[in-house]
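What follows is a single structure, written as structure tokens, with notes after it.
When the chains are written out, they are named A, B and C in that same order, and each has its own residue count from 1.
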Amino acid sequence: MSNKILIIADHLDGSLNESTARAVACAQQMSPTGIDVLVLAEDGASVAAEAAQIEGVSRVLQADNAANAHPMAALLTPQIVAAAQQGEYSHVLGPNTTFGKDLMPRVAAKLGVAMVTDIMSVHSAHEFDRPIYAGNAVITVAAPTDQVLVASVRCASYPAAPGGNSAEIETLSLDAELPGHTRFVNLEQASSDRPDLQTAPKVISGGRGVGSEENFKVIYDLADKIGAAVGASRAAVDAGYVPNDMQVGQTGKIISPELYMCFGISGAIQHLAGIKDAQTIVAINKDEEAPIFEVADIGLVGDLFKIIPELEEKIG
Amino acid sequence: MTEEIERDVMEYDVLIVGAGPAGLSAACRLKQKSPDLEVCIVEKGSEVGAHLLSGAVFEPRALDELFPDWKEKGAPLNVPVTRDEVYFFTGETKSKKMPNAFVPAPMHNDGNYIISLGQLGRWLAEQAEELGVEIYPGFAAQDAIVEDGVVKGIVTGEMGVDKNGEPKDGHVPGMELRAKYTLFGEGCRGHIGKRLIREFGLDADVDPQHYGIGLKEIWEIDPDRHEPGLVIHGAGWPLNTSGSGGSFLYHLEDNMVAVGLIVDLNYENPYLSPFKEFQRFKHHTEIAKYLEGGKRVSYGSRAITKGGLNSLPKMTLPGAALIGCDAGTLNFAKIKGNHTAMKSGMLAAEAAAEALAGGGEGGDELTGYTDAFKNSWAYEELYASRNFGASLHKFGTFKGGALNYIEQNWFKGKAPWNMHDTTPDHAATRPADECQEIEYPKPDGKLSFDILSSVHLSNTGHEEDQPCHLKLTDPSIPIEHNLPRYAEPAQRYCPAGVYEVVEDGDGNPRFQINFANCVHCKTCDIKDPAQNITWVPPEGGGGPKYSAM
Amino acid sequence: MKVLVSVKRAIDYNVRIQIKPDGSGVVENGVKHSMNPFDEIAVEQAMRWKEAGTAEEVVAVTIGPDAAKEQLRSALAFGCDRAIHIKTDEPVQPLTAARVFEAIAQKEEPKVFMMGKQAIDDDSNQTGQMTSALLEWPQATFASEIELSGETAKVTREIDAGLETIEVDLPAVITADLRLNEPRYLKLPDIMKAKKKPIEDMSLDDLGVEAAARLETLKTTPPPTREAGVRVESVDELVAKLKEKGLV
């Protein structure tokens, strides 16, 4: 059986979202006979050019349409269904960004097939691992092999496929009737000085070891220096150093940044529950037996008040 | 209360506080006797069973009386006790197994079952609902309504108050639930029961109440090591010098075992940590041989009322009665309280049903309950074992144990002496400088664990933006009094890591209360040397979510 | 205006799930279940419309075993007028759920079908989108603000790039995100009243719905555990490692 895979590109303002390359990396594990990337945009030239560079991509299909100026699932779906049928794809994948989460189930329903959410590991072209219960369990699922497989790829599980490719770009004209019932109004892009804790790619966090509300300033300073959001352990919140909404952990925010750097956090299980999906955990603690070191990718034992200034200086 | 709050009011014939074995049995009995009575149960746990924790080896005597056809009705009594073992542990690898002939009669378990009290509670709740009882989990009884010396019902806790006590969006004031009789079955050290006992002087003629803290875990073990129906009780190590208590390991069904330690709360050394004693206990050769290779699936803790008959307060007051462990009906010689709790609830129910049958308006004392209780097998049991706890307290596990053997087996509990222990548990604590610090082994992550990963398995949770439900009468006492004198024992007696002494920014000690960890065991309310901590119910639905403890 | 709102019975979010040692699933027996938290938000939204006079009738619907009535009772205690229980003891996957909801929506003809954005048990995040697709209705997922005006709804959606506002014609499926509202506390008298409200029982057969092809769950396992990485001795070493990983 041939596995011909179509990946829907996630993009904004003329540039490709990295999640697309992560989805390609996942697709490569499905013994594909071809991986095509579909760019649905008003003018997809620049996005298509970026997509063509992703290693593993066979073709980029560029389908321009004024209706695609803003990605709306109800409008994109008929085009994807048409492309999937025209190209006789066996798999249609998207990233598990909000774009993909909104879109892919609609595509699946229109194709009349079940969908796999959040592929985190590929066993075969129709057998995958995916997380349930907020990642507290993993199930292995087998999808029917006699129908198109629609799925979203859990981006945190796949590094982006590298660049360096120059895949063919084809323009595609799709015969699809688009509904008029959904209209874009506006997009207010997040533009705060400090990124949002929930979605920030980098998070600096402080615990009770920081010692006081005033001392937390060093955490904020370091965060600002590297463009990170600031979080805290429950102990720090309970001690009144920071407000409630900064709490990371079981009863606070569950986050999955690329970098999680924590200072003076011992690593109680309730805290670890909130960071288990972080890609790289860096722990700085003066207690070398703190449980945080058991899960940290990089650990440094020492006094945070000496380490932070040195870090700021050397990160430059 | 400074301002008048407009409250919703609901009226019932009988209101029951707490959906435990006593309260649920009372509710069922009421509806069996008088199906037309309006009976309501409020329960602070998020569902029936969420706050129930017991060993439990269950003696079915009361259940036989309540539902003679419990087997057909599918009561979750699935594992009959097949074998009893009793040990004196003398060290981590040493033990003396008691020959069966020397085991005190009340500790024999023929005809008993190993159960999960949580499951039994859920089953009883189903029976009660079928009989027409209204059960409302997630609603805490905040306080009793007492008017002119008569209990008229309760006020439920308000919902949606922030940590500073200010109403949040969606704030809901408590409502009044009024009844002709109110039965308090809150379990050990119920906060309303405590108030009523004090205000109505119910304990004027009895010894101070005594308590233990029970810690329990459920493990799923290697099927080859599992023997359904096996009951193991132990005394001694690790508690020989620093405190007294007992331990248990029960083999349930499906490769599950319940393992636990009960530490008497009259221990003297403020450095003692019941939690760490429990963790250490599991390393005993006789226990570890079952647990090794297994997986811990839940953890919980609850205080136990164990003073027995000598400490049993008057159980009635105008308009209300105390039932089960809220009064203190546990038989400590048997280490069982579920059957006596059920029995007391049933007797209170019968008395209430009778009083209301003749068109009674309630509000009086249910003396019929007290009389019936005195004539019941439950009372006979408690009488027979009245000296058990006191002699252990006085003479220690070994000598006291021997005395209990003589008393229970030779005199069948009718020995011509009475023993009293008149020191309240909190007052037994000695100053830290007279005691030795206890060095506990580090948890190995296989048999023993740290406190926070344990609390995690109790599924406890509380809305964080609410007032702390552990009230300090004088906030300065922990640091200014308890810390220098007793090394603030709250840090150690709490089985959920709620209390900590931490350094503030200037290096000074500060008392921190992590109330969200609380598993509602009530130990702090009992053991604080200064009696400065009062446990009040948090927002309904908070606390542990035990599934089958 | 009529609002339909779906609720799902799921293991309570406070409960740490246990995976059965034979890998056949998670332990559900004796474990506290509640209404899926995102569904509570959806129900709360519908109630706010009802209280504001925007909605005349709010109907709660669930698919599941007998025990799921408990969650319908909660929805009724919130203030829903009536409830529909599509009974099945089989686990229901999103596409089948969507077919059921499609049939119910065709029967009830609501203006808005509110749902939670996902259920916290299977975390699929599909049913709302699939339902709207089958109905050919617009969808507005991850809603953090909804403004209804006559025949349209203006919905602010929480997406990775920020807050997106779209306008959809009604009827539509709208799925609730965390910040849409904070569900109320249920009051005892409302819980009592809810016991007397009607619940209509139906089966998949009654609706003429056939279960869709399923994903077969082969096994359930604990998530991979993190392992300790390296210890560095100095800030220089730390910075070097971070630069190597491209993190600073």
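Assume contacts are C-beta pairs under 8 Å (C-beta built on N, C-alpha and C of every residue); 3 or more make two chains touch, one makes a residue touch a chain.
Everything numeric here is computed off the predicted structure, so don't read it as measured data.
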Response to the item:
Using C-alpha atoms only, the most centrally placed chain is C
Discussion item. A-B versus B-C: which interface comes out with more C-beta contact pairs?
Written reply: B-C
Item to complete: Averaged over CA atoms, how far is the centre of chain A from the centre of chain C? Could you give it in whole Å?
Response: 21
Worksheet, complete the sentence: Taking each chain's mean CA coordinate, chain A and chain B are separated, in whole Å, by 47
Worksheet entry | Chain centre separation (chain B, chain C; CA means) in Å | 37
Discussion item. Residues of chain C that contact two or more other chains, please.
Written reply: 16
Response to the item:
Where chain B touches two or more other chains simultaneously, the residues are 456, 461
Worksheet item: For chain A, which residues count as touching chain B in their complex?
Response: 208, 211-215, 234-235, 238-239, 244, 250-251, 268-270, 291
Discussion item. Under the definition above, what is the set of chain C residues touching chain B in their complex?
Written reply: 12, 14-16, 18, 21, 27, 30-32, 34, 182-189, 191-192
Fill in: chain A partner contacts - residues on chain B that touch it in the complex
450, 452-453, 456, 461, 464-465, 502-505, 510, 512, 514, 516
Worksheet item: What residues on chain A touch chain C, complex-wise?
Response: 12, 70, 72-74, 77, 97-99, 101-106, 108-110, 112-118, 127, 131-144, 147, 179-191, 199, 202, 226, 258-259, 276, 280-282, 293-301, 307, 310-311, 314-315
Worksheet item: Where on chain C does chain A make contact in their complex?
Response: 11, 16-17, 19, 26, 93-95, 98, 120-134, 136-142, 154, 157-169, 172, 212-224, 226-239, 241-242, 245, 247-248
